[in-house]
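Each of the next two complexes has subunit A plus one other chain: subunit B in the first, subunit C in the second.
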Partner chain A sequence: MTITRSAAPARRPSGRRPTASRRPSGRRLAPYAFVLPFVVLFLAFGVYPLIYTFRLSFTSWSGSGPAQWVGWDNYTYLLGSDAFWSSLADSAVLWLLIVPAQVVIALIAAVLLNNAKLRMRGFYRTVALVPFVTPLVAMAQIWIVVFDADYGAVNRLLGAAGLPQLDWLTSTTWAKPTLALLFLWKTTGFAIVILLSGLQSIPASVYEAAELDGASRTRQLVSITVPLVRRVVLFLVVMQTLAVFQMFAEPYVVTGGGPYGSTTTAGLYLYEHLGRSDLGTGSANSFLLVALVMLISLLFVRLLRERD
Partner chain B sequence: MKRTQLRRRAVAAAAGLTAVVLAACGPDVSSGPESGGTGTGPSEGTLAAPDTDAPSGEITIWDRSGDLFEVFDGVIERFNERYPDIVVHHEAVDIDTKLPTTLVAGADVPDGVFLDDAKVAGLSDHFYDLSAVLEPYLGDIAAQKAEVNTVDGRIYGVPWDLNPGLLYYRADILDEAGIDPASIETYDDLFAAAEQLKAARPDAAPIHLEKEPFLGQLWLEMFASQLGTSLADEDGELRLDSPEYLQILTWLDEVNKAGLGTRAEYLGPADLATLESGQQVFVPWAIWWDFAPQQLLPQTTGQWRAMPLPAWTDGGARSGAMGGSSFVIPRDGQNPELAWLFYEFLVFDPEGFQAVYGPNAIYPDGLNTSVPSYAPAADPATPLFGPLAALGGQDLWPVAIEAGEQIPGGTPIPSWWAGAVDYLGDNLQRMFDGELTPEQVIAESTEQIQTNLVDRAS
Partner chain C sequence: MRRASRPAIGSHVFLIVLTAAFLAPVVWAVLSSLKEPATIITDPLGVDPGSFTLGNYRAMFEDVPIGSGFLNTAIVLVLKGGLTLFFAPLAGFAFAKYRFAGQNVIFGAVLLTLMLPTIVLVVPLLLQMRELGWVNTYQALVLPGAVDAFAIFWMRQVIAAVPDELLDAARVDGCGEFRIYVSIVLPVIRPGLAGLAVLTVMNIYNDFVWPVVVTSQESMQTLQVVLATLAQNITGNRIGADFATVWGELLAASSIALIPLLVVFVLLQRHFINGILAGSVKG
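Right after this comes the complex of A and B.
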């Protein structure tokens, strides 16, 4: 297979570009005027809260009256707190339960949905996306009902099949997997869409050439599809890692962080400081979380570069 | 220096300057030993009653959605007959979720809020000190209610309802077993009665054991309140490591280990099923449990009765407080003085408290899930609500009022109370799971609460 490139870049139009100093002042300022609204919004809703929160992380403040400067106290408290590390561990376990499974499921689903021979492809794509666009709180309420230990449909089915019934949401063993299942159900549609976009960027000629060379479907998946969507997969992994470590609404609605704090994710633990009006510790917690997530993201980016 | 370099430096300088300016736009920071939010005082944060004869303006009042919202909503018309120029915007809100963020943001803050007593102290920095306006009424307010609204000598909530603990029981089952309810005077008597019932019906686990951590801790505090103690003293010092808590936890542990208790979440499906089936016979709970036989237990409604809680010692108090709510007035509200007039009418004005507790559209026989904490409203001889058919026609009013009078004082609620649920509330459940002994519950919870809450609050 050969790839041809155009022999030469398109030629610039003839004539000299006017230098900045020669351009009329209105035209010189135009680009700045265009980006100004973004800059203002970015400063107001991005930079300002960030700096405000960073400053707050060195104080003890309940949200009213003057704050008290406490230096590194909030950070040292959190780094020595079992609850803080436990919340990170809970998020890490959820990550393990969610992200690898989601990548595999979404990749298989995306390959199937990318098959031009599949009938009603549009319908299936829509169905796959429905959970993603359904309000999370509504889905979480359904989860509570379906997985109720005494009256939930899942235990009823298990009972009918003669299998043991489980405390899905009220035991430390099963609460995290049940929550992971909700997250998978909710967000796998998003993962499929991302991977579909990656699959559609692979030229059909690559598969045609592989078929001519006698490659099986499985061989094509392993040797062509997976390597060529690797960047998209990595993007997905980074996005879902961020989402899992910020996960809040799912445990807040379904388990309240219990039982015994076993589903208190990093995001929920962060919120608990706000609920106690402990804004200084909450701010420090958020910065530690930002640092951790940045570290993980950089790790993935480094991995990608090394593979390239 | 090249022009591009100059430009880059100018951009960097502008960014730095912006950062410095933005950083200055936070709360005032002090390096002193005082914690933030202590700016209350006579000049700042103490509410005074309005000094006009014809107050006017608009107030926004937040209440929880549900029956009480409807009850309070029905009183606004009466309030407006007294104060025609005050417009009340009454809103049903998920207070636990929305209030903390609203108070911190300081925008669209309501003028008055209905709040759990357990949460008043934790948010008190944001509320008006009501000591001055409450002063004429303090002598008639139940001591326990005034204490739970008091932080550092200042009162931050208008005390509303009193929630005495009672022992609800299945009269038909006790009658069948030949147990006289009046003979249950102590918790040892209750244990013995439960054993007798279990001997007659092996699948019975007669005493309710609360499974939900928050309510479990609230329930534990009811027992502690009977003994005149609570998680912290008036100075905020933790006092969980005490003979009183050990006595309570040991009794609960013994009930559980003897198979005499049903662990269930308050009025959850499993709870309701075992209440209806007769597996549960005794429910030591606040007065507001009477909602269950009135609304949720159709098969056994009319079979339930209420009596004072057993005492921990012979002659000890027969009740303790469990839960309760008050009205707080945020400092960032627009018309706090008018909000005070609204609450003054609701709580202390005979026309107001009769409208709230007496027969109304929501409770045709009167609001019977709590009793007033204001003595003139809580007259044993002048019931505000009538007998309950769900309790077999029992007149709950005198039972609850007399129980309320027995609640000992000296049981303030610390600002970190709700946060303690992650430790004490969870550890209580671990004890029921068999993971911890009562001594371990006390030791571990004390260490965790001291480290993560008390030390952080000071």
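Right after this comes the complex of A and C.
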């Protein structure tokens, strides 16, 4: 790597600005050596496979033999295929089932936990993170057992309470909500901790001033708390949106994408091309998903900017 | 802290219900794994500590390659975790305390890696591993993503807070740059490193998407991959196994997989929460 002197000297965090001549060569070269491991892995396992796959997305290839150039065929095939759109639709439905519910539950819990006089705050916060540290695959297995229609604990509980028992995993109506419950169970504690940290960054003086002006507690919540934690809430929404659209392990383990493909999420659909050795289409699907994910991220970034 | 009033009874009810919901699946699974297989099905809600047995665990160890799963996960944890914990702060150090040509471009690469969804790289990486003949190898499990971009990003922030005077004093004493990293920076950022360690262990232990794609041989599969194919494994190894037996072993395996991380979490809670909150710095 060559050192170009034309590169504008960016702000030094240290404030000192030694010229290259004053700096000993060890100090000049050291940062390159320090970032080298990352750069090597980035080039080898990031850039190279991405370029390779980008080329592959314009071919028809089954993993062996010569690849055939097909132009935009893979992309037009996907964009015209029902399976692709229905995988996105499944993810969108899961998003609707998960994200609004999680934001509401986590916001309520975080506001309650932010009260210094609440007893057992530490305990509540610790327990909230238990689901977050459990291995998803183990929990997915437990979900299969707990939500079994015939012998599962949930249906037994519903039966005992005189409520109707449901085909949680085997009906197209309930399979998505059951997966949504797993996702909510697993990540809501994380959401609470993130929102709580946002609440705690609001200075107490803001509330004191509001109190002096005679603002009620509800009024304070609506006019102070919500606007000030909006950034944190949006951050949470972005993260969870990306996570839902990449959801893979939950449907892979719990439902295998069924029944009747009703839980074949965007992430699982992408993986299915691999099983069919349809690598050209799989590659094209990868890039369509990247485009979608970037689009969602940009949309939220814009939202953040506009309101500020 | 805001002037707080005594929380209403409704607050407690809400939080207790939520807490119960968070604990119920884990508690139920662990308790049920200790029951006789038949009663898991006939009486899923009953608990009788008098009849607890380790029978499900014994059968599970016979039928499922969970030992090799644990071993593979341990190997990947040590190698990949070691690489991340040493090289990510090193790169973070370079970004925080040096100015060098190309810095912004390289840091852009870090940010790009952060934004790229894992699942998108799965297909390209698998093809690459096939080309290299690395499918079902430790290097395939360890190397991609070994120097984690998020870890670099976070450590850059942590190290930026280390006073420059400390580093300059060491330079005056004739310390080389790498020596400064090892004997000044690393000890000073120990709390941040602990948070990173806990988060890294959790991510690697729970990682599933990449291991399931790149390991087809049972002997190379990590714990999570072994868990994912449990039902098939149990029925495959025990012909004619009934529903109850399979479930008993399934719950035993899932419970045993939960325990290591829960123990780490309870012991190192503070570092854990720091690690999770660092994630929100990204926003």
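In this section, the second predicted complex is superposed on the first by the 269 of 308 C-alpha atoms of A that agree within 3 Å, B and C clash if a C-alpha of one lies under 4 Å from a C-alpha of the other, contacts with A are read in each partner's own complex, and residues count from 1 in each chain.
By our rule, a contact is a pair of C-beta atoms (placed from the backbone, for glycine too) under 8 Å apart; a residue touches a chain by one contact, two chains touch by 3 or more.
All values reported here derive from a predicted model rather than from experimental measurement.
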{"item": "A:157 touches, of subunit B and subunit C: first, second, both or neither?", "value": "second"}
{"item": "Which of subunit B and subunit C A:216 touches, first, second, both or neither", "value": "neither"}
{"item": "Contacts of A:76 with subunit B and subunit C, given as first, second, both or neither", "value": "neither"}
{"item": "Of subunit B and subunit C, the chain that contacts the larger number of subunit A residues", "value": "C"}
{"item": "Which superposed partner A:118 touches (first subunit B, second subunit C, both, neither)", "value": "second"}
{"item": "Touched partner set for A:201, first subunit B, second subunit C, both or neither", "value": "neither"}
{"item": "First (subunit B), second (subunit C), both or neither touched by A:63", "value": "both"}
{"item": "Partner chain(s) touched by A:279 [first = subunit B, second = subunit C, both, neither]", "value": "both"}
{"item": "Subunit B versus subunit C as contact partner of A:261, first or second or both or neither", "value": "first"}
{"item": "First (subunit B), second (subunit C), both or neither touched by A:173", "value": "neither"}
{"item": "On subunit A, the residue positions that both subunit B and subunit C contact, one per complex", "value": "48, 52, 56, 63, 151, 274, 279"}
{"item": "Footprint of subunit A on subunit C - complex, ascending", "value": "1-7, 11, 14-15, 18-19, 21-23, 25-26, 28-29, 32, 40-41, 44-45, 83, 87-88, 90-91, 93-104, 106, 109-110, 112-113, 115-128, 130, 143-147, 149, 152, 160, 164, 171, 176-178, 181, 202, 205-206, 208-209, 212-213, 223-225, 227-228, 230-231, 243, 247, 250-251, 253-255, 257-258, 261-262, 264-266, 269, 272-273, 276-277, 279-280, 282-283"}
{"item": "Residue ranges of subunit A touching subunit C (in the complex, touch as defined)", "value": "1-5, 7, 9-10, 12-16, 26-28, 30-35, 37-39, 41-42, 44-46, 48-50, 52-53, 56, 63, 105, 108-109, 112-118, 123-146, 151-153, 156-157, 160, 185, 188-190, 193-194, 197-198, 202, 204, 207-208, 211, 217, 231-232, 234-235, 238, 242, 245-246, 248-249, 252-253, 267, 270-271, 273-274, 279, 282-283, 285-287, 289-290, 293-294, 297"}
{"item": "Contact set on subunit B toward subunit A in their complex", "value": "18-19, 22-23, 25-39, 100-101, 103-104, 122-123, 125-126, 213, 269-270, 273, 331, 416, 418-419, 422, 426, 429-430, 452, 456"}
{"item": "Subunit A to subunit B touching residues, read off their complex", "value": "43, 47-48, 51-52, 55-56, 59-69, 77, 81, 83, 148-151, 258-261, 272, 274-279, 281"}
